[in-house]
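Read from first to last, the chains carry the letters A, B, C, D, E and F; within each, the first residue is number 1.
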Amino acid sequence: MSDDAAFRPIPGDVLPRFAGVPTFMRLPHVPPDDPRAERVDIGLIGVPWDGGTTNRPGARHGPRQMRDLSTMMRNVHHVTGVQPFRAARCADMGDSPVNPIQLDDTLARVEAFVAALHAQAIKPLTAGGDHLITLPVMRAIADRARPLGMVHFDAHTDTWDRYFGGAQYTHGTPFRRAIEEGLLDPKRTIQIGIRGGLYNATDKEWGLAQGIRVVEIEEYFDLGPDRVAALARETVGEGPVYVSFDVDGLDPVYAPGTGTPEIGGYSTHEAQRMLRALRGLDIVGADVVEVSPPFDPSGTTALVGVTLMWEILCLMAERVGRDREGAS
Amino acid sequence: MSDDAAFRPIPGDVLPRFAGVPTFMRLPHVPPDDPRAERVDIGLIGVPWDGGTTNRPGARHGPRQMRDLSTMMRNVHHVTGVQPFRAARCADMGDSPVNPIQLDDTLARVEAFVAALHAQAIKPLTAGGDHLITLPVMRAIADRARPLGMVHFDAHTDTWDRYFGGAQYTHGTPFRRAIEEGLLDPKRTIQIGIRGGLYNATDKEWGLAQGIRVVEIEEYFDLGPDRVAALARETVGEGPVYVSFDVDGLDPVYAPGTGTPEIGGYSTHEAQRMLRALRGLDIVGADVVEVSPPFDPSGTTALVGVTLMWEILCLMAERVGRDREGAS
Amino acid sequence: MSDDAAFRPIPGDVLPRFAGVPTFMRLPHVPPDDPRAERVDIGLIGVPWDGGTTNRPGARHGPRQMRDLSTMMRNVHHVTGVQPFRAARCADMGDSPVNPIQLDDTLARVEAFVAALHAQAIKPLTAGGDHLITLPVMRAIADRARPLGMVHFDAHTDTWDRYFGGAQYTHGTPFRRAIEEGLLDPKRTIQIGIRGGLYNATDKEWGLAQGIRVVEIEEYFDLGPDRVAALARETVGEGPVYVSFDVDGLDPVYAPGTGTPEIGGYSTHEAQRMLRALRGLDIVGADVVEVSPPFDPSGTTALVGVTLMWEILCLMAERVGRDREGAS
Amino acid sequence: MSDDAAFRPIPGDVLPRFAGVPTFMRLPHVPPDDPRAERVDIGLIGVPWDGGTTNRPGARHGPRQMRDLSTMMRNVHHVTGVQPFRAARCADMGDSPVNPIQLDDTLARVEAFVAALHAQAIKPLTAGGDHLITLPVMRAIADRARPLGMVHFDAHTDTWDRYFGGAQYTHGTPFRRAIEEGLLDPKRTIQIGIRGGLYNATDKEWGLAQGIRVVEIEEYFDLGPDRVAALARETVGEGPVYVSFDVDGLDPVYAPGTGTPEIGGYSTHEAQRMLRALRGLDIVGADVVEVSPPFDPSGTTALVGVTLMWEILCLMAERVGRDREGAS
Amino acid sequence: MSDDAAFRPIPGDVLPRFAGVPTFMRLPHVPPDDPRAERVDIGLIGVPWDGGTTNRPGARHGPRQMRDLSTMMRNVHHVTGVQPFRAARCADMGDSPVNPIQLDDTLARVEAFVAALHAQAIKPLTAGGDHLITLPVMRAIADRARPLGMVHFDAHTDTWDRYFGGAQYTHGTPFRRAIEEGLLDPKRTIQIGIRGGLYNATDKEWGLAQGIRVVEIEEYFDLGPDRVAALARETVGEGPVYVSFDVDGLDPVYAPGTGTPEIGGYSTHEAQRMLRALRGLDIVGADVVEVSPPFDPSGTTALVGVTLMWEILCLMAERVGRDREGAS
Amino acid sequence: MSDDAAFRPIPGDVLPRFAGVPTFMRLPHVPPDDPRAERVDIGLIGVPWDGGTTNRPGARHGPRQMRDLSTMMRNVHHVTGVQPFRAARCADMGDSPVNPIQLDDTLARVEAFVAALHAQAIKPLTAGGDHLITLPVMRAIADRARPLGMVHFDAHTDTWDRYFGGAQYTHGTPFRRAIEEGLLDPKRTIQIGIRGGLYNATDKEWGLAQGIRVVEIEEYFDLGPDRVAALARETVGEGPVYVSFDVDGLDPVYAPGTGTPEIGGYSTHEAQRMLRALRGLDIVGADVVEVSPPFDPSGTTALVGVTLMWEILCLMAERVGRDREGAS
């Protein structure tokens, strides 16, 4: 237990949930250069950028709206009983610097920001941003000697190669790059919910050839969430794992506020069920991406996004707590 | 059969469904002091109040929007064949008086309004309002000698104790108060769909200790709607039953217009299935609450709410008709 | 004074304005066949129909939403001091029958409905519906021996002839028909706010040739509302007058919920100013048309529409009161 | 294979998907009188009309919004591998002429437009419009000697007889008329997803008496999509088939933008699953109807609608390709 | 000049305006108990409460959305050249505690919160909340020996007496109470933009009898903003002044997100013009109230609200700077 | 007169305005490589790109929505009587190629696209896109020997230098670059409506030093539209002129769908008035930019945008017609 009062959310009966400056889950705002930062276990951060988006932009506004809705989260996971803010020291560490009009500069800024956290042994839990932002995060935290496994929820594989006659960095390419760069172990990677028309008949080949376990949505519905979650555990095994949740993996009715919706996905309940089945994994980083507020001003999608962050946070915090107890 | 022409809806081929002053289900407007009131069996009413709401208000506008959408309801239940407006004398009896800025005064006004109906043997079917409005309704109709059973659809137990250092009446406390006051029999109470983060690890304890049968959403999905409905019948048994449907029991995609959405709930089809399984119970009152139009100006949530009212009305009317036939 | 308690709105401190079955301005609902009808001076009615609409339909939903928003109206005009519900007996007389898929049948139904009011000396104040609904209203109330004058607020003249190779009844033709039928006196007709691209260079000719005083928006802005209102009084003179307010006469920012918006119109304040300058005229009927809720679910346009109805009602009621006093 | 470069969509990496004049699926615009028309196999068309709508209009705007969203479709079906634009020559052939205010004239115009395509052996895949538009399409393409079978997805049977005391053509009557006129074979017709309150207890009788296989939503949920799809194949057998998909067959959360939503329907995934099971049938025409943009400006419903068109197009194109290969 | 780097906003070219935890105008978050607080000159605060609202609630969400939009503000006033963050030390001091369900408790909490600032000589610039929140702010800062003058922008006088048969504290009564309590000097009070129907013919009398200068909207339009602003200066004279801006003083097209819109108000440009004419006054506190996000999820109203806060901040900061210079 | 039937819009009484593939103003779609292109006088094009946007993206979707709404335009200007489709040969020439993730590549693609039109003496009338798109258009059409004058409607000068420590191409810099490159003559440039907080006290200096005539909004309101338009004519004089209309020059109530709204602008009527005063100028190119549909799904802003395009088109076509007549 690391029940540290400096890292606790503002209680809802002290200040109502709609009140106050909205940090992630009402946690204290601890920028990376704050003296308290060195004690943080899990850093909730935003990467407000959508410069890798080839169709409908807007995910740059995701962290702001997700912070707003995150104030509806509470303290105890109702199924697992995990109390993340007691199990680990959590903080809102602000947003990474980004450059809205320059892609390369942004990749460098994000990597540097997350690397600074990583240097202090802070695990990042990130609100995107489009899916390209996962690449610089992985660059900052992956150990090439022991590449990351990944549980990847998405409608798209994001393993395309080039776009528009050359561009190698878009929100459709991060995992191809991550594998090429040795950050991500394709054989410990599972992608869940893949669907939607293809550009070319060969779109699927590269990823499968690398050994990625692709669970297309049809297979998903045949197996059901419990068996798919078991497959996920089996695939990623024991090493360090990254969890990346693109909200377009959900059916668009659950996440209308996103750039590339594909009809026919899974439900939030099913997503929760799969996430909870990942208890105990060594999750060294995670993100929820592609929440695009201009396409859902109501905040419904952001509420879904932050509730999934809450589910992942409980996984991460429980493991942090266990590791600390084991170490002590 | 009580096929009384004075209590029939305006047919859609006389006046199109979008036309006319919108009463509940196009029924005649029969205020409690109208001479026709004494012949009414089931009174559809509104309680337009949200002063018990601790987060996002708006449910005070629920009855207005639900009346509007209710004009899309028709005459015959397509599965059970029940014709509620022939089986029982139904009327829109208007809205209860409320006081938008004073909680205690409102509780008194609502209780008095419903008590006047109860004195004429009119069963209330209520459109809320936030969930606190169920408390004064129960005060008006419950027989403390034979407390009510309840089938309660909700994401939250609404059995918290105090709020904000003292307040004992909020939309999170009605059923604690009702049990304490002897209106509600916890052992004949079932709560279906409970979920969402907890404030404290002990939040669940009081209700379980009273004997409430709590079906959390995880158990719900494991059992499925048919078995849960069977559990509900078993729990409430033979006595008088109240049905209380908070639309946040549904997944938020079905009811975005509500104050405290929790992702991962059941569908409207499943809700319909559970409600239909309650045929024959002695439902002495019912409500559909927490429809909050400002959070769903499209009216989708209100349409869901009134269709659930329609399902419940068919249950109530069928029983009324049967009781009358049995009595005659 | 005809301060008749049977025709008074429900006060806002008895039942809050968001509560209750929404009739126009919270007046009693007095259908034409109600015994109280014969005492009514001014009947507020809806004509929920848009079958004359050649572009974006939706005005059939206008009366419903306008009733909803009309509950925000109060009792005393803050500038003129008129108290319409004391000066005249007013009631919500419901919606006219209409046929959503048959134009001719609808014209007949509306005419018959309004004629029944007219036979009881009730002046209609109508919420549309598209602008074609003014034609059957005029047929019901106009005295061909003494045709109506008209103050017409609109972006369009609505004096086109035929549409689509023959159709003579659309929402672009009512006033051509009304003049041809001898219901409307073009020389006592003024149209205020006309603008927007033309189909043909000759579009304006017919109306001008009849003697209609057309105030295009450019002239309107050069003269200002006070001088235009003076022109209107001068044009209609002393006889019976009809006031027809198409909300697209306003700039679309004030009335986005309409079928044929034209940018660059007048403001609501200016409209109020012009309407108030019509005090004392013998307004025998009036309408506010083309409020289309599907294009403005927020209700802003409907609020504008009903506030304009309130302004017109004060004009009509003051004159009714004065005439009654004069007669007594 | 009919891989004809003249009938290929604009690739997304030549012009981004949000760019360009929006034709259906970015196909070339080939009006019926274009010389290229005679080579077209499948014509994607719009019928922008809602004059048969008895409640909430707006479907006339469907084709416009569906074209917009259809630019997100791609080239290869990710499950079946079908490449429709290689298997068949497809084109956007524009919108049928319609008359917004005259029903009979519209029925004639649509029939003539589609008959002209049919004369060139072009199979129509239509975006509605309300459901009445299916009737003139069937009149244009059905061979009375060998009437059409139909797989019909809908919440309503659309086999009512008359409306409003006489009207025989509304969006609630097309299939009664089609059966009476010998266009549609009721014994080869299946209706999937029927639900919602009835006007009269006898509403279901006529269709069942004709031999239509009606799968009400309750039976649907008991059987599941795979068995229902098998039933559909069995029912329509080997002859020519029409597929008509009213988006209100889906649960309203998937298709809020429609005129007559009924809660408790199937999901888009389930609809996709059923459609894919129809591979190989001789689909001679199809439509997706009742997308009503004013009730869903976000375009979510239109995206669902065009993705279902994509699913059906793959079925049609695969069969066209196979027939051509068989013939060659 | 008090160009203190500790109280400067985050520049937009360091972190884009859509990024970061949203404090008011990107200022540092300095809670009242932060050691830096004692150096603050002007405290931007929120009072997220709408428990005094008699019609449409939602203003409790105002401060959150206003913080979000306030990040679009910049550093230099483009007309006056004032640089508020150099002229005075400004900070976001968070939200006042409130109690969403208890009115009296809230009045006490807000007064205590603001009194603590006042004790440190911090001038409050407040984002509401409904208009009742001005009362406890005035209680905290007014010197009864030298009551406040007020420039009050509003559609309503908010000088009603009781509501609902007794309630003396609602958002319609704050200035009656403030005058009765000796906080506010009616003879130094001007109200600009008053309009809308009255409940009773005597509604205006009390305020006028106290000596308030009421500029109804008709007088406003006759005089124009420059002369009205001159009247305002003349009315409030030399003593301490409070500026209270209810966004419903604006025409609803500028501020649709509010609880009690009244058509026919002034524009934002005119409001800016009037505010700028108040340069040099001794503004000891100010607020912008009644921004209700549920009625405008787009944030347009909040942007208006915070831009008016910016205008007022420039007035206050310029005077603070001048006073400091004078003192030094 | 160049009344060429090949370049006429589809009439609204042949196909209703909501029907058909939406090209700009229902004109024929004539891509640059179409043989008809060489006869075009004025090419309506889209540049769907927002990669220069530093805050809220979305303008890439502008041309699509503007095409949709443009189908409501008609044939004859109601004030000037100009018939643009008779005075000049107009066509929708499609969208320029763009690269959503690479700024430099986009600048090159747009310049090449417009240069190809320019080579055929086609004058571009462009729908943006963000304001950076004006730069490559100017590069394509400006004659450095005789630089362009410009009438520029905007809230911002767009003459900033660098952004984010170096970036020289953003939507805040196009006119600085255009002046530096000799494309634009600052002494023949007028900017109308400038307002909003500044980043730095020196923001205004560069432009004024170049000799740009900056009409800040305060001066605008003091002078009024007629005198400002006269100033504009005087400033640009006789040479070639570019008209660039950023919709954020308008008050945000007229154009909520834009990325950087600034409250307190002019109205659409005033904009129309100013544009009409530019009759006769030698407008060699024009654009309407910064319409951002995700921030206004209702299409209101796009309707405003295309109506302004219509106003400009009438100016351009009248001059083309006159020049042709003069030449013949």
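One rule holds in what follows: a residue touches a chain if its C-beta (ideal position, glycine included) is under 8 Å from a C-beta of that chain, and two chains touch if they have at least 3 such contacts.
Fair warning: this is a prediction, and the values are worked out from it, not measured in the lab.
The rotation relating chain E to chain F, fitted on Cα atoms, comes to 120°, given as a multiple of 5. Here C-E and C-D were compared by C-beta pairs in contact; the pair with more is C-E.
Taking each chain's centre as the mean of its CA atoms, B is the chain most distant from chain F. When you average the Cα atoms of each chain and compare centres, the chain farthest from chain E turns out to be D.
Chain geometry summary: the mean Cα position of chain A and that of chain B are 39 Å apart. Chain C has its Cα centroid 56 Å from the Cα centroid of chain A. In chain F, 16, 18, 54-56, 60-61, 100, 163-164, 253, 295, 298 are the positions where the chain touches two or more neighbouring chains simultaneously. Taken chain by chain, the contacts fit none of the simple shapes, being neither an open path, a ring, a star, nor a full set of pairwise contacts.
Chains touching one another form the pairs A-B, A-D, A-E, A-F, B-C, B-D, B-E, C-D, C-E, C-F, D-F, E-F. On chain D, the positions that touch chain F within their shared complex are 14-16, 18-23, 29, 46, 48, 60-61, 63-64, 67-68, 92, 94-95, 97-98, 100, 297-299. Against chain B, the residues of chain A that register as touching in their complex are 11-13, 16-18, 72-79, 81, 83, 253-254, 267-269, 272-273, 298, 300, 303-304, 307, 310. Considering their complex, residues 54-56, 163-165, 194-201, 203-204, 216-218, 221, 251-253, 256, 260-265, 295 of chain F touch chain E.
Remark: chain E residues 50-58, 60-61, 99-103, 105, 163-164, 167, 169-170, 294-295 touch chain B in the complex.
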